[in-house]
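Here is the structure we will look at, set down as structure tokens.
The chains carry the letters A, B and C, assigned in the order they are written, with residues numbered from 1 in each.
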Amino acid sequence: MLRESHPDATAGAHAPPAAAPVDAAAMTARAAVSCQNVDGAANRLTRLRSEGQFVLRPTHPKGFEPWAHGAAAAGRVSVSAGTAGPLGGDRLSLDVYVGPGAVLVLNEISATLALPGTSGEQSVITFTVRVDDGATLIWLPEPVIAARNCDHRQDIRVSLAASARFLLREELIVGRHNEAPGNIAQHVRVVRDDRPIYDQNLRLGDRYQGWDSPSVADRSKAVGNMLIVDPASGIGTNRADLIEANTVGVGLDDDVVQASAVAADSLALSHALDEVLNRLGPPWSR
Amino acid sequence: MTAEETAPSPTSAPQTRSLRIGVAGPVGTGKSSTIATLCRALSDEYRIGVITNDIYTDEDARFLRAEGVLPAERIRAVETGACPHTAIRDDVTMNLLAVEDMEQDFAPLDIVLVESGGDNLTATFSPSLIDAQLFVLDVAGGGDVARKGGPGIGRADLLVINKIDLAEYVDVDVEQMVADATAARDGKPVLALSRKRQQSIDELSDWVRQLKGKYHSGEHVPTDPGPMAPHFHADEDGGYVHTHE
Amino acid sequence: MARGTEALLLLSDGRLPAGGYAHSGGLESAIRMGRVNDIEDLKRFLTGRATTSGAVAAAFAAAACGACLGDRLEDVSVLDDEFQARTPSPALRQVSRTLGRQLLRAMTAIHPHQLQQRLPRRLNHPVAFGAAAAMLDLEPDDAARGVLHETLMGPAMAVVKLMSVDPFDAHRALAELVPLLDTIAGDAATYADADPATLPAFGAPLSDVVAEHHAAEEVRLFAS
């Protein structure tokens, strides 16, 4: 029964990639980016494979970049949407690899809008990320917006080497402006040096009983998280930043900071997460 | 992994066991002050630790740290979730772990004092938590309190009648109050105390020294003052009476 | 089902002396922040707690019970790490470790068992609960039910001290959740022998946020 209402309840971190879509109109696409340190240049894009939804392009800095700001020796890749969606039934994946000592800033041109498909099936995007020793990945996706009636899932699996540096910022918006919330489940699992450090499956939308709870998201339209791993930095030591009523930035370990934010809309959410970075000070904020 | 996580299982008793003394009594009678007084008087002789129990805040722990009578880290607060009497009697696990941790972290400790959250006349410590207990009343509560009895007044190891320096202002005859209390206690000790009267402080200190001696010689047997009578909780809704079976 | 029923009742009764009564499961803070004002809010609060933290705790309790029964104690530590990764609030980590430790301490006195010497000293509460269930010869399904029950009883009991509500209404809210709880517990029990990495990780961002705020409050009735 529960499995039916929460079909992803058992979708473990090591679940195999989702099976090919049933709906003929749905899309299967696999994109990849690798950044490696070649001959001392930490920014070589040794692989850049675009497909379907994911169009990857080398790019220039887009505004302020936490940690990597002004760093010439950083690879920069923008993801832009090659098509509308994801639509229900789509199975998309993006593999990211940052080799030893390399630095990659990964961002997006525009927000992702998850839409319902004709089949009523779930759309699934799988991100598989590996950041090697001494490497840095600054990952700044734009918000994911779950349009009315959509059923979207994102699985983000990150493996960090012990000395890898990492930032992931996620912003989930349920429903466009004045629109009923769609359904989205975002499962982020981060393993560092083979030990799990963060594993959260956030489920929003009416399909997920309890999401509107004062203990979960309380019908808020915007929910965000941020995870920052900065080896030997001490950024997490005793950190418990209370930012307004609905945002906190806390230390999960001496060099790991996590932020949780719940907000009325995308703009407020973005400000809240910016403020978490501000509290960390340079190089994470201006 | 920290050393703490790899340490032996929770069953392993601390290497050294202190004499554990509970301090109970109604709100504001001077439990914290008595503990501060004892620490001041005895900290040269004994290594002491203190656990406070709080209802809303860690006020008591802060007060004691501010008094500077002990190193601040040897004063720890336990939060009792609105039920101070539960924490010292029905469900002592939080306090027991706090005491054991303290004994382990600062071994060897001679004495650990546990202050109960100020509650009412009936709350007493379970012998599973402490070895002996003081029950603190004050003269400001009125001279007839001691006659009202109850397990703490009747059977605590020591009944303290505190703030006797205030007796004349509240029309209490200390001698009479002590006599009433002694009668109610079948001769068990009653001590009239004021932090402003050194002699009374010396008497209190002596009582602890003797207890410590008896505890080590095996003469002291922890006793339970007995079950609580039905009692009254004041709260926003006007309060209710309940019993603890 | 008949076997072990009494032991399950013993273990999951809020009166088990393991210090649970000092916690409101985030309810005090949710009330303070104006997110819970009436019984309908409380019911939503409990529902979300059941489908997120409760479902996760239940799966971990079942898995820990399974690991202890199968004498896979190395898995108990792995489960504990995995649970911690699913608890992104340092305040809640602290609470869970404290409650876990208190439960194990109480169990040493209540029901001495050889497992007690062999378990890590610090375990998160659901993992400790699963281990305690195994000590009492209970099954993973019992462990899931018991811990889920506790997850909801904490706030449901605390509410009468925090808000003016009719205690009958609080219990009615619980009664209405029974079918959901049965489903969640049944699902959780299927993780008894699962790879710890695959256990559910349902997030409850507001629980994390309010827990941190609560920990910073100077004046509070409940420890969490």
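The working rule: a residue touches a chain if its C-beta (ideal position, glycine included) is under 8 Å from a C-beta of that chain, and two chains touch if they have at least 3 such contacts.
Here the structure is a predicted model, which is why all the values come from computation and not from measurement.
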Statement: Ordered by label, the neighbours common to chain B and chain C are none
Dominant chain pairing [most C-beta pairs in contact]: A-C
Chain closest to the assembly centre - both centres taken as Cα means: C
Message: Please identify the chain with the largest separation between its CA centroid and the CA centroid of chain B.
response: A
Query: How many angstrom lie between the CA centroids of chain B and chain C, rounded to a whole number?
result: 32
- line: When centres are defined as mean Cα positions, the distance from chain A to chain C in whole Å is 29
Field: Interchain centroid distance [CA atoms averaged], chain A/chain B, Å
entry: 54
Chain A residues touching chain C - in the complex, by the definition given at the top: 1-3, 6, 9-10, 12-15, 187, 189-190, 195-203, 208-218, 223, 225, 240, 242, 245-248, 250-252, 258, 260-262
- prompt: chain A touches which residues of chain C in the complex?
  reply: 26, 30, 33, 35-36, 41, 44-53, 55, 81-82, 84-86, 88-91, 180, 183-184, 186-187, 190, 194-195, 197-210, 212-213, 215-216
- prompt: Can you list the residues on chain C that touch chain B in the complex?
  reply: 15, 17-19, 21-24, 101-102, 104-106, 108-109, 116-122, 158, 161, 164, 218-223
Query: Hey, which residues of chain B end up touching chain C in the complex?
result: 4-11, 55-57, 79-83, 86-87, 90-94, 96-97, 128, 235-237
